[in-house]
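Look for chain A in each of the two complexes below; its partner is chain B in the first and chain C in the second.
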Partner chain A sequence: MTQPSWQSVFSIVLASARMRFLTITRYPGQLVLDTFIPIVFAAMPILLGRAGGGESAAEMFQRNTGTANYVGYLLIGSSVFTIVSFAFWHLAYWLRWEQESGTLEALYLAPVHRIWVAAGTALYSCGRGLFAALTAYFLGALILRFNPLQGELGLALLFILVGFIPLYGMTLLYGAVILKVKEANALVNLMQWGVSFLMGIFFPITIFPPLLKIIALLFPPTWMTNGVRSALLGIGFFLGEWYLDLAVLWGFMLIAPLFGYWVFNHVEINVRRNEGVGQF
Partner chain B sequence: MLDNSKRAKVQEGLSIHWHTFWAMARKELTILSRYPIEFIASFGQVFLIVAIFTLAGLMFSDFRDPTASSAAPAQFSYSGVTVYGFILFMFLSDTLWSIGYNIRHEQIQGTLEQLYLSPANKFLNLIARVISILLWTGLASFVAALLMSSMIGHLPIKNPLLGLYILLVSLSGTFGIGFAFAALTIRIKEAAQTAANFLQFIFLILCANFFPFSALPPFLRFFSRLLPTAYCVDAFRSAMMGFPPGFPELAPFEIEFIIVTLFGIFMPIIGYRLYRASERYARQAGTLSGY
Partner chain C sequence: MIDLCHPSRLGSNLSKGFVPSVDNLETLYHANRSINNHAMSQPVIIEHLVKVYTVRQRKGLFRSQKIEVHALNDVSFEVKEGEIFGLLGPNGAGKTTLIKILTTLLLPTAGKVFVNGYDVVKQENQVRSSVGCMLMGERGLYWKLTGRENLEYFAALYHLPPKKRKQRAAQILKLIQLEDIADRTVETYSSGQKMKLAFGKALIQDAPLLVLDEPTNTLDVPSASELRAIVRQLNQQGKTVIYTTHIMAEAEALCQRVAIIDRGELLALGTPDELKASLRSARITHIEGVISAQAEEKVRRLPQVRRTTRSAKNGATLLTVVSDEGYEILPDLIRVLGEHGARIQKIIPEEPTLEDVFIAKTGRTLAEDTRVRS
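On to the complex of A and B.
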């Protein structure tokens, strides 16, 4: 059988993404909610801090995190979390949805590799996640009254864009778990909170015990979050300079997708040899 | 006075309802027990939520130096405010999803129409879900309370009986919200997922589950005062914390007590009526199994 051309592959990726974008435009309420959830999420520790810390809230926060701008710090955390969380939700649910609707088996019989269909879902997820994170950040800044245009906006965006690839590489690992265990709901929920904890959504990972800190540093979203915060609020990069932190993310960019694909492939072969991918 | 035959009929009716309810509750519990990963994951999730918000709260304190006193010490117990608020939030959130949105699962699986063709009382299907929420969420709340109090400090338990009463009537009212949401789910179908998410976050802010009401801007506090669930949160944690200065925050406790009691009595009735109306509409319009 002849391999599909790059043009066909590109067309498959776009068609898969377009289908999902079309579906979400039918639920405009969900898009509005995507923007508001990170704001509400960040508002909770902000309000708790203001109520408990009083006038010294900013001072205390600076002592613990390196910036007195706690509103910006927490809002950046929840906005980046939206991107990370969407990546896991969309990829895992795509797989589970194909399983439940009985089309996953059919997808394996199609003349194109399913990785390109998954890439279309990832493209959709990137677009939706980025839209939600940016609108949440700017709207949140307007509501919670802080200047969103401070710091290096371009550098912050670069950290996000570079972080996308290792992030989606990691979702393949997660997809492998869904393929094997099948209980997507519970696992995605757990992963969502696990991810936010490890990436330091509302706190710096320096407060973690050494072992947990190492685990957090092996996790690309941690570098993404800190990179964005450092670029915008100047809290300090992990390795002192922005290009060193970015270099680590580039390293992840090479390793994470390959490793994720290898694990996914391995699990997939195993599942196909046993019960088959149509089981759910 | 009922004669013997009428009494026997009533008894038989009650017995049938009880057996139906128990069969439905057992079905929910069996499903629950068949997904151990979900069970374990939900506890892991509770632990992580607790850890995230606790650590976020600690960023506003001198936690690295236990001997230092904060320049502006809080006038309330952090653990009391967040733990008791979190317990009520967990019940509200689980109610919205398990009672309200689960109707959607029955629709998608194609079992809702069949359920309506059976001679069983349909409303018992909704109530049966309460049992699994009480068990599952109750256990998760207990674990969360233990975890949170171990992380942020001693949890005040000042008026346990009064607190228990407020918790029970609050849960009753919350289940009423669940029934009303189930009615909405039948009408709006897939959009119910968005609505559940939206409501969950609206309640989270307006009911101030993780912070005192005083932290809310005045215009939002106005909307909080329109929600009975906000009074539930305020009355429950104020009672459990032993009414520290400034608590309750929304209204005098006597008034909150009346509101919470009325909410616990009337909301399930209102929710039930809304559910029946929505169900009747769907049956007449032939949209019960449509999704």
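On to the complex of A and C.
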């Protein structure tokens, strides 16, 4: 079969992203609230640390993490977690929302692979997640009084951008599960807390037992978080150099989307053989 | 009213083959037409189609049992180019399953289905490019977007470039007379307006085949009539239409040929006149009044009577009697009903309708839900 041109496919990705942005503009309050979530999320352990650690809180923190800037450390963790959480919520909830509203079948009637519509949703999610994370980081730095411009901001951003692709590859796996089991909320909740634990939003994964540490290192968000922290706070890359850590993320970038795509396609065919994608 | 499907406007001209206005779509549509000549000869060819799927039957709070549902059983027919083809049957007959297979939403369990010459299993994108569908009614729309935004988004999914999306959306909004509310979010539309927009969505890629699944559901009488007029207009301009409904009068007024489907099986196929003519040897008499089930049973036992159905109408009972005789049976009918306490208000010997054809074939009225059984 002749495939549509890349220009046409790219146009569909953009149209899908635009459609999501248009929809969220109908709920403007949501966009504002997005930026406060990471700050509130980070503020809790920061205040707990101040209450429990007292004057020596920074010193104790440095001993375990490699930086005394525990405020920056935790705020970076919660900001990157916002991106990861948005990825799961937006992709998973997108599928579930389309299922429930009846528009999923309308998408399946169009001569375009669903992966490109999903890519549009991912693009929207990246934009919204990045905006919320950056705003929260700079606003949080202002509120919690630390310098947000320290370290290498460009390198931190590069880790986030490279990390997006394997992250959304993972969400495709997740989308496949939702397509089949037709449930999103409990699964996303479970997943986001599991991932937040494994990516070490509030602590270094070096404190994990060896087996758990290996599992954590299989998750691209773990490398994203550590890459951003190392670039901004100098806590140290997992493999010593920034380019080695980035190479690992590149590796994930090649594997995760392909694997996610393969599983999604497989589940999709299975669903179409049986009850169809429209049932919810 | 704008002539949306005039060849000079949108390039639809079936005599020259389907010519989508976008290069990509055209490439998709014309690619790999390596199907045999028979498959290409008609817009829709269905051969021995079977669809079986499994569902879970609940057996308590946490227990369930898998059961097989035979939704379609060896269905075969063709839809001819340029006709309005009615697919009739009660709720649960298998119409929507059939339509979903035609539009690639479901995969068949067995059999072959060709749409515009393309295999629905192997060439799904070509099938999708060549069919305009209205399947989910108002549920197939994004309620937080405006009518115009909905149409433009779906136009993008059919590979139309940005400028053409706007043009096409404007043309369709004019055709379905929703221009005044085009920039309001769909959630503020009435149910009928949403249905019209969903219908407009089916026209977005100007496909040669339209598949409309109960498009007049939830429409008021004038809106339903308007929509049927647009369907007729599109058909006169060359589009083939598959129209599912459980309203027989609608099918009779609109469709050139109809297939009656029930419990997953094709029961009858032909023009409305042919189907009605097949009942000519049978005569139909409607009797209104207070008629008990026992009286109906006695009528059914009369030797001239083939079958009967009893339903409610305007607070009374309507007994429909299919028999071998016309007026000759009336004395016997009146006698038997009178003997069993029936109070007759009206007797109407009638020319058969499609509803009567359905009753003759199935022994039930269309009002009955006949969900396919496991």
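Assume the second predicted complex is superposed on the first by the 277 of 280 C-alpha atoms of A that agree within 3 Å, B and C clash if a C-alpha of one lies under 4 Å from a C-alpha of the other, contacts with A are read in each partner's own complex, and residues count from 1 in each chain.
Here is the rule we go by: a residue touches a chain if its C-beta (ideal position, glycine included) is under 8 Å from a C-beta of that chain, and two chains touch if they have at least 3 such contacts.
These figures come from a predicted structure and were not determined experimentally.
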Legend entry - Side-by-side fit of chain B and chain C on chain A, or clash: fit
Inset, instruction - With the two complexes superposed on chain A, say which partner A:P4 touches: chain B (first), chain C (second), both, or neither. - result: second
Legend entry - Of chain C and chain B, partner touching more chain A residues: B
Inset, instruction - Figure out whether A:I12 sits in contact with chain B (first) or chain C (second), or with both, or with neither. - result: second
Inset, instruction - In the overlay, answer first, second, both or neither for which of chain B and chain C A:A57 touches. - result: first
Inset, instruction - Considering only touches as defined above, state whether A:G169 meets chain B (first), chain C (second), both or neither. - result: neither
Inset, instruction - Identify the partner contact of A:G227: answer first if only chain B is touched, second if only chain C is, both if each is, neither if none is. - result: neither
Inset, instruction - Figure out whether A:G72 sits in contact with chain B (first) or chain C (second), or with both, or with neither. - result: neither
Inset, instruction - Could you look at A:G194 and tell me whether it touches chain B, chain C, both or neither (first, second, both, neither)? - result: first
Inset, instruction - Would you check which partner chain A:P257 touches, where first means chain B only, second means chain C only, and both and neither mean what they say? - result: neither
Inset, instruction - Answer with first, second, both or neither: which of chain B and chain C does A:L109 touch in the superposed model? - result: second
Legend entry - Nearest-approach distance, in Å, of chain C Cα atoms to those of chain B in the combined model: 7
Inset, instruction - Would you mind writing out the residues of chain A in touch with chain B in their complex? - result: 27, 29-30, 33, 36-37, 40, 43-45, 47-57, 59-61, 63-65, 70, 74, 181, 183, 185-187, 189-190, 193-194, 196-197, 201-203, 207
Inset, instruction - Provide the residue numbers of chain B that touch chain A in the complex, in ascending order. - result: 35, 37-38, 41-42, 44-45, 48-49, 51-53, 55-64, 70-72, 74, 76, 78, 81-82, 190-191, 193-195, 197-198, 201, 204-205, 208, 210-212, 214-216
Inset, instruction - Could you pull out which chain A residues touch chain C in their complex? - result: 1-2, 4-5, 8, 11-12, 15-16, 19, 22-23, 26, 101-103, 105-112, 117, 269, 272-278
Inset, instruction - Please give the residue numbers of chain C that touch chain A in the complex, ascending. - result: 22, 24-25, 27-28, 31-32, 53-55, 100, 103-107, 109, 123, 125-126, 128-129, 131, 133, 135-136, 139-145, 149, 152-154, 156-159, 161-162, 185, 201
